[in-house]
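Both complexes shown next keep subunit A, but they swap its partner, so subunit B is in the first and subunit C is in the second.
The block that comes next holds the complex of A and B.
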């Protein structure tokens, strides 16, 4: 199928999912729409967009198709900052909070990267050290959740991802963040492409590898913070969506790939939201849970399918 | 002959304390193919990566076109030197065309994208090397020989006076070995670039290179014209720690 047709279908699916997510259940009432559904819709859109993009960037930087902000500890880093700020009672949806969340995400991401650099620089190591950093941070989060009795339920919800806490202030910050990050990514697209081809080769093609990587880690932290401050930790999107887009749009330019990747990320979370509203109403099932269940099955199907084709070739 | 690279008293050790290079002195000149040989682990690849600007923490002086290497930024080095690695494995799908186009990156400004003349350079070089038919294929799907030629094409569109190659033929059969070296010879004669190639196959090197440099224990132990190598059999047997008879059998 032609790439253009695929893009048109994908965008059409995205628009219809947006409509369903806004209108389910029982139609559009302007009051509900403005106060509940639009913030939730924007939250889902921003989360899907930013997590998918962050996953794509991490996979390209580490040259490892398993990299994901959830696996490497970026999401947990943001989450830890939110919980600390909440416990200290100074969490606002303002700039300062957002800054701290991003710094915390960046700190743990970069920590994972530095640890991996102590051994031989095989890219798999960033994933291994990331897993270690991630479980360390997650354990601390669990400790905080247990000891903070009043807020336990809220923290619990956040660590599985929930859009019930989105509000317009945090949405504005997150929205600005994804715009700024996308602009920077667009500017650096050629360099990212070369970096993901080969690191040593990149440095002989005029790319300052360490600097670019650090900038990309900042962008990933910004994107992940945008998502986590809206919805808490949602796993799997950043791992799965880039695979799906690379599979559907094989050989397309990296710029278009990033664009479709973010559309797919948003569509996927929206689909999860629609499913949750359609089949589980009035229960509130976190979209992250639904997307992981259905996504994992689809993903396994995709992986098995692509292996089968390779063998017959 | 114009001097392209001048190396004075180059020393390098890895972070784990392993001294690889212990004082290399040599010059490379324009439009020559120079083979760098020596036993495994003698520092051939390290030397290449230092000149390519990948390893920065060396001692000594390296001047490329009369510019001190350590004073140059990544962009400036990439306009003087291009580097062809032995093999590249990337998990992502790059078309051959896109891979060759990356060779133009050193000439891009901060916010530029590739121009039409960049794209034309890619087409020209692909035609010259006869790999135009590969341009829509994915790089990861190519054979080792095809990958190597694509990487050579990438370094040719980089239009640098010096090309460094790390064992370009080690995974290849005789047919592809000859094809690659024919290509190198053509390029060096046509474009006037000098090529530094790390190579294990002394016989092949003697056939195609103008000059052979042998490194052992981090210093240059033999620097000879390629057609004269037959007179250095004693020296070679010392470098590789094998009997002169074996050397003779291998290179003659």
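The block that comes next holds the complex of A and C.
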């Protein structure tokens, strides 16, 4: 099939899912549409966009098909910052909070990367050190939750993710963040494509590999913070979606691949929302639950697939 | 002299059986509270980490939390009776190895089930009369609550819209207090409600257990809910939270308080 037709179909699916997400359950007044459903839709879009893009960048940088902000500990890093700010009572949607959340996410991502550098085969171990960092951060979060006596805090809300309480102020900050990081990504695009092939070749071409990696980690942290501060942790989107897009659009330029990737990320989260509303309303199934069900199965499929390939070699 | 010795002897003969008391371990805070209100608190030798009511319970040896009690410590305390809940008691096979008297009490899902638990505990402590008295007192106090407001009540158990449906203890407490749980038609006891549906169902009173009032009022379109308009959003204090989450005699006090809240004009 022609790539152009695939793009048209994907966009059509995206638009119809958007329509369903906005109109389900049927029958609502304009007040609810404007104040609840549109912010929720925008939140889903921003989250899907940023998580899928972050996953793609991580997979290219670490050259590991299983890399994902959720697995590596970036999401948990942002969540830790949110919980800490919440305990101190100064959490609000604003640049200061956002700065801390991003710094925390960056710190733990880079920590995972530095730890993996101690070993020879870095691309495999980034995932392992990431898993270690991730569980370390998550247990610190649980400790905080246990010892903050008064409230269960945002913990429940953040650990599975929910878009129900999105409002325009929170969306504006996340929206600005993804715009800024997308612009940086576009500027960096050529270097990413060099980096994704061969690091040694990249350094002989005069590319400062370490610096570019660091900048890319900053972008990933920004994207993930935009998503986590909106909705909490939603796992496996960054793992699953890049594989699907790469499978559908083989041989496409990296720029268009990134674009389609973000469309797919948003579509997937919209699908999770439509499933929740269509089959479970008035109960809400958190999007993180649905994405993890699909994502974990996909993860197993990838692991088994890679083993199979090794055996044939 | 002989007379004095005789009196002393008689004293021991009569009072030694009274001085003997059972060594009880309670593995749920609600059982601790029931045992204390039956007047057998002094016989408790072990309670869970969460038993904080009445104050005397805090001084008793702690044997861990409910899901993972410290069996070794329980053994060292040499209990005669251990009260265990029917909920998730997979540790019971370890406790059964201690060859003590274990009493498993089924879960409480309504106020009437508390009466059953009180009766069971009273039977094993030899305090049937006290148990019946306590039940009678609770029933009488609940019967005094006559004014039913039939207000729609939304209880948020955990932040993010986690609430309780029809067959839950909380739902029964609300109906006894004269209100109606807005999610009465959902047959699940604990679930996450869609925020849009909460707004559509428009509760008259909102009771928050773990959500802060500030963050609740900040949610989009919270101003549409009539509870917010009438300033009837309440966050329970930690003591009241304990009352609501433990099926113990203290629930009557909370029901009265909720009834006052529901009847506020």
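Basically, the second predicted complex is superposed on the first by the 285 of 313 C-alpha atoms of A that agree within 3 Å, B and C clash if a C-alpha of one lies under 4 Å from a C-alpha of the other, contacts with A are read in each partner's own complex, and residues count from 1 in each chain.
The rule is short, and it goes like this: a contact is a pair of C-beta atoms (placed from the backbone, for glycine too) under 8 Å apart; a residue touches a chain by one contact, two chains touch by 3 or more.
For clarity, every value in this text was computed on a predicted model and none was experimentally measured.
By the touch criterion defined above, A:60 reaches subunit B but does not reach subunit C. When the shared chain is aligned, no partner comes close enough to touch A:213: not subunit B, not subunit C.
In the superposition on chain A, contact is made by A:193 with subunit B only, not with subunit C.
In the superposition on chain A, contact of A:6 is made with neither subunit B nor subunit C.
In the superposed model, A:286 lies in contact with subunit C only, and not with subunit B.
Of all the residues in subunit A, the ones that touch subunit C in their complex are 25, 28, 31-32, 35-37, 39, 149-157, 162, 164-167, 277, 281-286. Interface residues of subunit B facing subunit A in the complex, by the touch rule stated above, are 49, 52-54, 73-75, 77-79, 81-83, 85, 88, 90-95, 98-99, 102-103, 105-106, 108, 110-111, 113-114, 138, 158.
Against subunit A, the residues of subunit C that register as touching in their complex are 158-162, 183, 186, 188, 191-197, 199, 210-212, 219-221, 224, 238. Listing the residues of subunit A that touch subunit B in their complex gives 60, 63-65, 187, 190-191, 193-194, 196-198, 200-201, 203-208, 246, 250-251, 253.
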